[in-house]
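Right, one structure below, let's go through it.
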Amino acid sequence: MADSKKPADSSRPDLEDSTSVVERHEGLLAQGAAQAREKQVAETGMEPVSLWVFVASAVVLLVAGGVLGAGGKLFSYNPHPQDYTRTEFASDADTGPTIGPILTALSKRGKNIYAKCSGCHGSTGNGDGNQFPPLAGSDWVTGSTERLAQIILNGLSGPIDVAGKTYNGVMPAQAPLTAAELAAVMTFVRNEFNDVGDIVTVEQAANALKIYESRPQGQITVKELNDKHDKMLEGEPVDPATMVDFETLKPAAAE
Amino acid sequence: MGNLLMVRRTISINFILRKPDPMTFKAFILALALSFGVPWLLIIVVPYGKMRNLEAVHFEMDSDGRDEVYVPRRSGRITTGSAVYGANGCYVCHTQLIRASYAGSELGRPDWAGFRIKDENGVTINTARETTPYDYVGESFAHVGIMRVGPDLSNVAGRIQGYLDDPLTKADSPENWLYLHLYNSSFKTKTFNNVAGCPSQTHLFEERVVRGQGSPEAVPGINMDGVEVLPTGDARALVSYLLSLRKDDAVPYSINYSREKKKAE
Amino acid sequence: MGSDSDSQTKLHDDMELRARIDRSLRHPVMFFFASGAAWLAVALVLGFISSYQSHDTRFLSGVGFLNYGRVYPAHVNVLIYGWGCQAAFGLIVWLMARLSRKECTCAGVILTAGHIWNLGVLAGMLGILSGYGSGKPWMEFPSAIWPLFLVSYFFITVWSFIQFRCSEPGKTYVAQWYLLAALFWFPWVYLTAHLFVFVFNGHPVMAAGVNAWFKYALIFLFFTPVALGTSYYLAPKVTGRPVYSYPLALFGFWALAIIGPWAGMQKLAGGPLPQFMPYVGAAATVLILIPALAVGVNILMTLRGHEAEVGSSPSLRFTVAGIASFLVLGLVGMGLNTPSILKMTQFSLTGYGFEILAIYGFFSMCAFGGIYFIVPRVTRREWLSRRFIGWHFWLTIYGIATVVVCSIMGGLFHGAAQEAYNSAWQDAAKISYAYTVGTTVAWGLILFGSLFFLLHLLLMWARLGRRSQHPTLLQGEHHGESPHGPEDDLDKLHTAEA
Amino acid sequence: MGSGNDNPLKRFSSFWLGLALFGAFGLASLVLGIGFTKPGEDSFDRINEKRRTAIKSEIEKAHAGALEAVEGSFSTVGTQFLETAPSGVEKPEFVLPGSATQKNKAAGGSGVVVPEGFPVVASDAPVDPAVMEKGKLTFAICSACHGLEGEGMYHINKTGPPLAGSEWVTGPVANLIAIQFRGLNGPIEVKGETYTPVAPMAPLPLDNDSIAAVLTYIRNSFGNKASPVTPEQVEAMRGELGKPMLSPADLLPPVPTPGTTPN
């Protein structure tokens, strides 16, 4: 759009120049200044279509052809897919090695069981810093295994000091657990959030269950734990690197 | 003067170029109707008619051990519930489509499309399956959805049963789980630990001061001082509809695409 | 000199005719633009609320009618039918009258039909918010409203068709192809989709398929041709140059006409309908890059050498932004619809980003260009403030770029995480969090920008614009006084004449 | 500009042409849509529809049978109410207060009447343990006042009279059955202490077996030893039902030696 203050530019035909010559149309100009300033819509140019546009279109067509190829037979209106066999998706549950160190085997199982615990203690084992104590860096987890096992099985009530802070919540009992499950979840919390480096064997866990059954029902307190249970569980320790079958947890030869 | 000449030239060029247009109105409309009509026929009308006359699939004696028409097991207030689902925009965040494995990987998720179960020999069978055209039976519009802000709901009724085993849940039945989820999604668990939740649909519930013993209809697990929460008819229809969304029935051999089946052949 | 004065007379007659056409249309056109802009503000407020809710689910969630599940559909529908369609009607009505060189004789009917359309949008929005939405994306208005829209549409646009039919026979201008095609495509698409979804008792999956097709058909067969028609008018009009290439325009137009109607069903890829249909839709969306390239090259080549005008003229600046968005739309459409990526984008935030890019980045920017050109002509006042226009432009550009980048990038990550079927689905939901926050901020920017636009437009509607012979340009000489030239020079002209 | 191309006729025809072209695909859809309204005979929708119809008619048939029974019972109740007199709904085991039956009975005097031919049970007749079990269960109702061990409520202002060692319990069977049918009011002297119940003992017209069982239970528990009570004895005393509430004066005097035949 031109500005009338500019000197007339002969290369740019526009209405403003012509109207300025015709005095009798000034009134009209007042009515339609914008219309008067408009340029004519010129005729369409006849440049040929550039080769590059065709090349680019051909590339796009190629891509589109590839997309179309994924659609199977064109215009076959069967709503059930033809020649289709489902790709079976391998999930964590049925993949991975079937033989490996017992530490890995137990931790992997323990991770699934820990999903229950993560609601309070958090998926990273840090608790919530207020009501639910952390598991990471807690002496109760890294210390004697019998004590830990009894907390898990019986639940806990009353104040407890964890990592320099007193927590006063109530933990519900997690029993019934099988010995293998207890061993797995204890191994998991001791090694995932802490670096204890040993495993809790199924045999040890079975002994913990015996102690649990001989004790009256009800949540355990810190006092009772420290008085009676501050020791390691009985049972033959097993080297965490022992190769076992993931399914049975029985020793197996490495492949 | 020069300017005037230029103006004249522009106009005369206009007149010279004003040759008859090869694209007449009739040709233009015809071409337009044709370019629109072909896809209109091929991807709207014809498939619409075909799908309207969707053939039933049958269980065959040879392959399935019984001989009957496959009709998905589905019961509940589907029509009303589906309308409530739409009117409250559930489809904005939730989808209802398990894509075939060439188009997506929902089938790989353990609980979205069906479960892995153990048969009597202890062999794990994956019952997960794609959405079939029969899954939306009873609805007038398939709420396929826009985006997955929330999880897919194709198998939500099957999945909720598993949520009830969660020791932290407050719900004692699938209905109550859904009522709690709809009323305030963080009320489902005892820890109120629900980061990205569904917006509260409190307008689907009636809050009422408790008189006497309280209503047996009230949603359990919501503790508010002297106020009980009752699901309205909309909430009941919606929950009934959601509980009809499940993928746990066996489909006939002819629309079962699992590799296990192919192996058996 | 005789022939010169003849041609001058011709020019002045011509100018007089154009002034008469503009005058005959001033009420309907301004009505569509102003009510469209008002609905735009409503849509943006709703968009801001829904976007905020998508990362803070507690926001307003206790208020039934402002629940996310209702605000989001209301936002999208008001944006399309309240702003998009009304802006398109204003543009079609004015451009067709100008291009056919016919005065409008039915302004009253258009205005009445426009009021009915607005009532429909209002009733539809309230219907959605109060829980009577139909639950079908982009068709959420209660089902009583669509026949009303069709009738109202007919009485708004049929006059433009008549004007075209009654115009002087001769060469049809490129913009006219697009506008005429849009006139036909809208009822074809709208009526077909609503009949197949609401009236016929079909298979539910096919109803969903028609609904998915409707979205893309509305974008490619209505908003796109209107925006391109406007651009094909403005670019040569403001620069005074011919459109670069007629064959290229022809190629671009028919490419759109042939490709457009196939797109849309890729939303149901892998679903239980004939397997080829979603992939035909995906392929068509990829192919949209071809008309985008043709149009982009043609219009940008037309503007070549007029960079100063692109910088200074509000209309051209918005048009260039719109055409650039169209090219981006084509590229994004190609990127997002190849089968391996479609898996991820089918149900992620990208779909929203693509729609917003089409409706807001492309169509609305071209429509703003048209509005900045048309309004001074029909009101006979110049835009009041170059600053308002500048703020509107930049806030919208930054906002839309952020929305689109956040939605498309966030959606790709979101989709990739969803495809990782071995990790918990909640992880995928968390990934999109940061991007939804970005989207909210961007909607705030866009809302702020459009408030300037709405205010500016309402002032113009109230005939409070500048009385001047000189257009409001975004760049101009500064002489210490107004950059637009002397104020009120038209009134002085009047006085002198008297 | 009024040229040959722009005339009213052209405008008019263009209007209708526009309408026709705008609606072209809608009209085509409508025409084709008529074909869609009914799915084919062997399509899934029709099969499903037929199946649903069959299930529905089965349910309706089942309902229809049940409905008849319900309707019949409605008419019986209605008829009974229409017969207005409260005695209309009286059954042998229920006598409505204020009804003619009750008035007739009241006219016969307030004392416990032992009917002729009241069955006699030997004091050393064996006690069936199953009856004792049943009686113990029913006694749960009684234990509210009489205590779980029949100790009564001596400490609470001597309200609940004890059953353990009570001469009334081991006394005439007719007294005990009558109390079950008529209730008992007023202070009563048991083991030399006067007990004043806070509320009268309400009549508890259970079926014969239950009454017999609970009475057998109290007569043979808490250190008591007396003859069991048979359902026949209870049946024989049915005439007491509907008479006004007993006072201790209406009862037959307890016989100090347990186990003897009443009367």
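Order of writing sets the chain letters: A, B, C and D. Residues in each chain are counted from 1.
Please note the rule applied: contacts are C-beta pairs under 8 Å (C-beta built on N, C-alpha and C of every residue); 3 or more make two chains touch, one makes a residue touch a chain.
This one's a predicted model, so the numbers in the text were calculated from it and none came from an experiment.
Of the two chain pairs shown, C-D and B-D, the one joined by more C-beta contacts is C-D. Located most centrally within the structure is B, per distance between chain CA means and the overall CA mean. Chain centres were defined as the mean of their Cα atoms; on that basis the chain farthest from chain C turns out to be D. Inter-chain centre distance (chain A to chain D, centres taken as mean C-alpha positions): 59 Å. Put simply, the C-alpha centre of chain C and that of chain D have 73 angstrom between them.
With centres set at the average Cα position, the gap from chain B to chain D is 49 Å. Averaging C-alpha coordinates per chain places the centre of chain A 23 Å away from that of chain B. Residues of chain A in contact with two or more other chains: 13, 15, 18, 21, 40, 42-43, 70, 75, 77, 79-81, 84, 89, 91.
Each of residues 4, 7, 11, 17-18, 29, 36, 40, 47-48, 50-52, 54, 57, 100, 102, 105, 107-108, 130, 132-133 in chain B touches at least two other chains. Shared interface positions of chain C, defined as residues touching 2 or more other chains, are 8, 11, 165, 171, 184, 188, 192, 196, 200-202, 205, 272-274, 277-278, 280, 339, 421-422.
Under the stated contact rule, the graph of chain-to-chain touches falls outside the line, ring, star and complete shapes. Under the touch rule stated earlier, the contacting chain pairs are A-B, A-C, B-C, B-D, C-D. Residue ranges of chain B in contact with chain C, taken from their complex: 4, 7-8, 11, 17-19, 21, 23, 25, 28-29, 31-32, 35-36, 38-40, 43-44, 47-48, 50-52, 54, 82-83, 85-93, 95, 97, 99-100, 102-109, 112, 130-133, 135-136, 139-151, 185, 195-203, 234.
Contact residues of chain B toward chain A in the complex are 2-4, 6-7, 9-11, 13-14, 17-18, 42, 46-47, 50-51, 54, 57, 100-102, 105, 107-108, 110, 116, 124, 126, 130, 132-133, 166-168, 189, 191, 193, 254-255, 257-260, 262.
Of all the residues in chain B, the ones that touch chain D in their complex are 29, 33, 36-37, 40, 45, 48-49, 52-57, 69, 71, 133-134, 137. Across the complex, chain A meets chain C through its residues 1, 3-5, 12-15, 18-19, 21-22, 25-50, 53, 56-57, 60-61, 63-82, 84, 89, 91-92. The touching residues of chain C, counted against chain A in their complex, run 8, 11-12, 15-16, 18-19, 22, 99, 171, 173-174, 205, 233, 236-249, 251, 255, 272-280, 282-284, 286-287, 289-290, 293-294, 297, 301-302, 309, 312-313, 334, 337-339, 376-377, 380, 382, 421-422, 468-471, 473, 476-477, 485, 490, 493-494, 496-497.
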